[in-house]
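Presented sequentially are two complexes of chain A, the first with chain B as partner and the second with chain C.
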Partner chain A sequence: MYNGLSLDQAPPISVVLRFFLSVPFFGMLLSLLMILYPAQVLIPSHPYSLAAVHLMVLGILTTSMIGALFQMQSVLGGRPIPSAQGNALIIHTLLAVGTLALAGAFFAEITALYVVASVLLGASILHAANLVLPLLFGGVSHDTLRGMRLALIALSFTAVLGIVMATSYASGAFSPSHGAIRASHYSLGLIGWIGALIIAVAFQVIEMFYVAPPYSPWCKRNAFRLIAAALTLKIVWLFSPLPYGWVFDGVLAALLLGFAVTTLQRLRGRKRRVSDVSIWFWSAGTALLAIAIAAHTATLAGAADVLEAVALIAFLLFALSVILGMMGKIVPFLVWFHLSSAGYLDAPIMSNIIPQKRAKLLFALFLLTAAALLAGVFIPTLFAAGGVFAGAMFGVLLYNLAYALKLYRHTLAHGTRFTQE
Partner chain B sequence: MILEFMRDDHRACDHLYAEAETALMAKETKKGAEAFKQFSKATLHHFDMEEKELFLAFEKRTGMMGGPTQMMRYEHQQLRSLLESMRLALEESRINDFFGIGESMMIMLQQHNMKEEQMLYPMTDRALGGDAELMVQTLREMKR
Partner chain C sequence: MILLDTREYDHPIPLEMAVDAFKALSDDEVIHMVHRREPLPLFEIIAKNGGRYLCIEKEGTWHIYITRSSQVDLEEYRV
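Let's turn to the complex of A and B:
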């Protein structure tokens, strides 16, 4: 039962940072696309729009989430990812180059790049899932672990469906099921992968780090079962095709709204009242999730299709908000932790690694980006302005990460180290 | 049984820390120092319960001597050192340092607690079986 169990502390810092450091570069590329081609990015299924969406979901969200998984697995999974350094290098390289290839394929409509992207992204994602999933089964189980399982299974299916779609784009031959495949691909990716992993993390982080009231045990126990069931039935309905498939969208919307409302309640009821930018990011994120659900539900009820763009942008911003908030905690903690564990007496404290002032600047730029992009759905000039704010936001993120790395290296080279004679 | 008892004790410690932070933010230094003292005392007592009773029983039942419990002991040492740094910062009225070190301490403590609550305590419950209730009684009776 306890085979391979280790409560070891953390993988080497380079494992997580390599993923995080590439996020601002993808962010700036995405910003450039939004600044230069706002109108095209806003047209659903336009190649530039697909390039932008994939830069966001793969280059920014999935890259940071897989990086965080390497850290989380050693804390929550009980069994750390084996050969973390080598596997992180493989997964990260394939993911980064694959994302660039896919965005390039959409942007320049180069057929061969679809094939390259399929191979690289498929290899990266399926290798990551194959590496982590077996570690999540067979030992002690808990709610967050169940969420991580669902997220990784959903990510694997998203990748497989993505490969099927990429071959259609490459060959120009679209099957009659293309619509069902596309809807399954984005439902699994957005709700099953991104949504489930954030919920799984929230179940742990909100209560413990902010000393907030706990989520109801019933919700924690059943949330992922319900999401998995609703997603599975939605996909069956899509492929059948059967009427009333929107019911499952309604169920998923209700579940996510429940999560947003209860999370906001918990954050408001937290005992730790210290001003903390990560709480602002969580609060803004859950508010954006509520906007996404409201817009999506309105389109289910027959409102204008333009609200679907609002729903998608708000949902992606929700995920980005949570990720930026968590990154602002994880990076300084890891720098401090690795240095002090190695015996450096002058390891910088967290608030000196990313000072509050720069954390607040990042949040302010995030809010400006979110407001401009959402308003930009109706006024394309504002969408381009949102691209400018996003570019500035990712610039600050890059500075924060690079500064943290510089401090880490400086202390390694010049710090005073405690050694036992 | 053990999971619930120890998890509740974790939460009780967290509340004491939140009280200390709130008081210090409101510049109520004396009240903050007292709450921190209570938090530190409760946390150290929690470590003692584990090191003097729980981990020994787990190791005896499972035969796992140098595994997860050893790592938990190592983390206790790191946390003890952080608590001492925070105590000194408070004593020397370096409130910003107190909060700075506290941020790292809290993340480390919560990661540590997660490992115990998600893995170690459920495993200990399984390993002790019917004796878990007796163990909780022993822990409850340990002097603070």
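Let's turn to the complex of A and C:
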């Protein structure tokens, strides 16, 4: 069973920070798009909308999640990713340039960029999956590792389907199955990759970080099996003329709602009710997940299509909320841990690496962003205002990360180390 | 013996408490940390900074004994 982090297996701090530091830049680019073209971003399947969605999903969420995976694999799997620094450099560079190429392809409608993006993103994602997946089989096994397996398999299929779609966009020739491919692509990406990985992380950290009651063993054991089964059947139904395909959407919605409710219950059942901004992010995230489920379920029941935009935005904000909360815990811990392990007596305490005041400012900007973007689905001016709040939020995130790195480097250069007796 | 019961503190406070106590240890003093998990990161920090530790699990609770002295026999705490 996993119990903690081992420095001998943990990657250098630069491996994780490389991914995290590029997130605010993609965030600011996305914010700019929402400020300048709010109406177009809100039109489903509009090229600017697709550029915005991929900046969010690849540039912000997947970049953070793959960075975290480099840390998680060594921590949870007990088998570190080989040549972590070199592989992180390759995966990060391909992912960052590929995401820019894809956003550029949608934005400027340059067909050659679809090909460039396919090659770079396909190489990055499939290389990452090929590197990590074998390490998740054959060694220790627990619920979180099962979730990571599902997430990486789903990510691989999402990438393959994305390449197929990019080929269609590049050639202008769309197959009769394009709708099914598109629905499979976003179902696997949103639920299989993002949803499963967040649930897997929650199973570990909610109990460990916050001294909260554990999730039920039955849920932990079966959650990923049920998600995998429902996703697989949904995709089979998408490609075949069978009725009642919406049932699998309903099952997935019920599973995610169950996760949101039980997570909130765990957080409310903490032994020590100390204030912690990362808990606010988890709580806001689960509330946004519930909004996403409610909006999606309403569209299944025949409500206006505009609610599908609410569902997508709320789901992406749910993932962002959890990621921002976790970054606020992971980055100070890594700075403190690497300095303390290297023997620096004056390693800054974790609460000073990202002070509470700036963590609260980040959360306040996140709430403003979420409220403005969700209301902006109905009033585009508010959507642009959401872009302004998002820009400020990513600015604060960049400052927090850069300040943590500066403290780390300053202590390395000027700190006092233990003297051995 | 310095007793550190960190069972009800959120992560990462227990690690900071233990490392602060470890930094202040003198001669043959021993810290007895009581924790709800096996704190592997702490072991790395202690081992890389000239310390020694003994970790024992009893009924789901972890007892960790830490010293900087090479003379102290930590095995005597294994009851």
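What we mean here is this: the second predicted complex is superposed on the first by the 409 of 421 C-alpha atoms of A that agree within 3 Å, B and C clash if a C-alpha of one lies under 4 Å from a C-alpha of the other, contacts with A are read in each partner's own complex, and residues count from 1 in each chain.
FYI, a contact is a pair of C-beta atoms (placed from the backbone, for glycine too) under 8 Å apart; a residue touches a chain by one contact, two chains touch by 3 or more.
Quick caveat: nothing in here was measured; it's all calculated off a predicted structure.
Once the two complexes are overlaid on the shared chain, A:Y403 sits clear of chain B and of chain C alike.
Looking at the shared chain after the overlay, A:S341 reaches both chain B and chain C. In the superposition on chain A, A:F25 contacts neither chain B nor chain C. Residue contacts after overlaying the shared chain place A:F333 against chain B and chain C alike.
In the superposition on chain A, no contact is made by A:W246 with either chain B or chain C.
Shared-chain residue A:N352: touches chain B; no touch with chain C. Overlaid on A, the two complexes show chain B and chain C touching the same residues of chain A, namely 5-8, 208-209, 211, 271-272, 274, 329, 333, 336-337, 340-341, 349-350. Interface of chain C with chain A (complex): residues 8-12, 15-16, 19, 23, 36-45, 48-50, 68. Those residues of chain A whose C-beta lies close enough to touch chain B in the complex are 1-2, 5-9, 75-76, 78, 139-140, 142, 144-145, 204, 208-209, 211, 271-274, 329, 333, 336-337, 340-341, 349-352. Across the complex, chain C is touched by residues 3-8, 208-211, 271-272, 274, 276, 329, 333, 336-337, 340-343, 345, 349-350, 418, 420-421 of chain A. Against chain A, the residues of chain B that register as touching in their complex are 11, 14-15, 17-19, 21-22, 25, 62, 64, 67-68, 71-72, 75, 78, 96-97, 99-101, 103-104, 106-108, 110-111, 113-115, 118-120, 122-123, 126.
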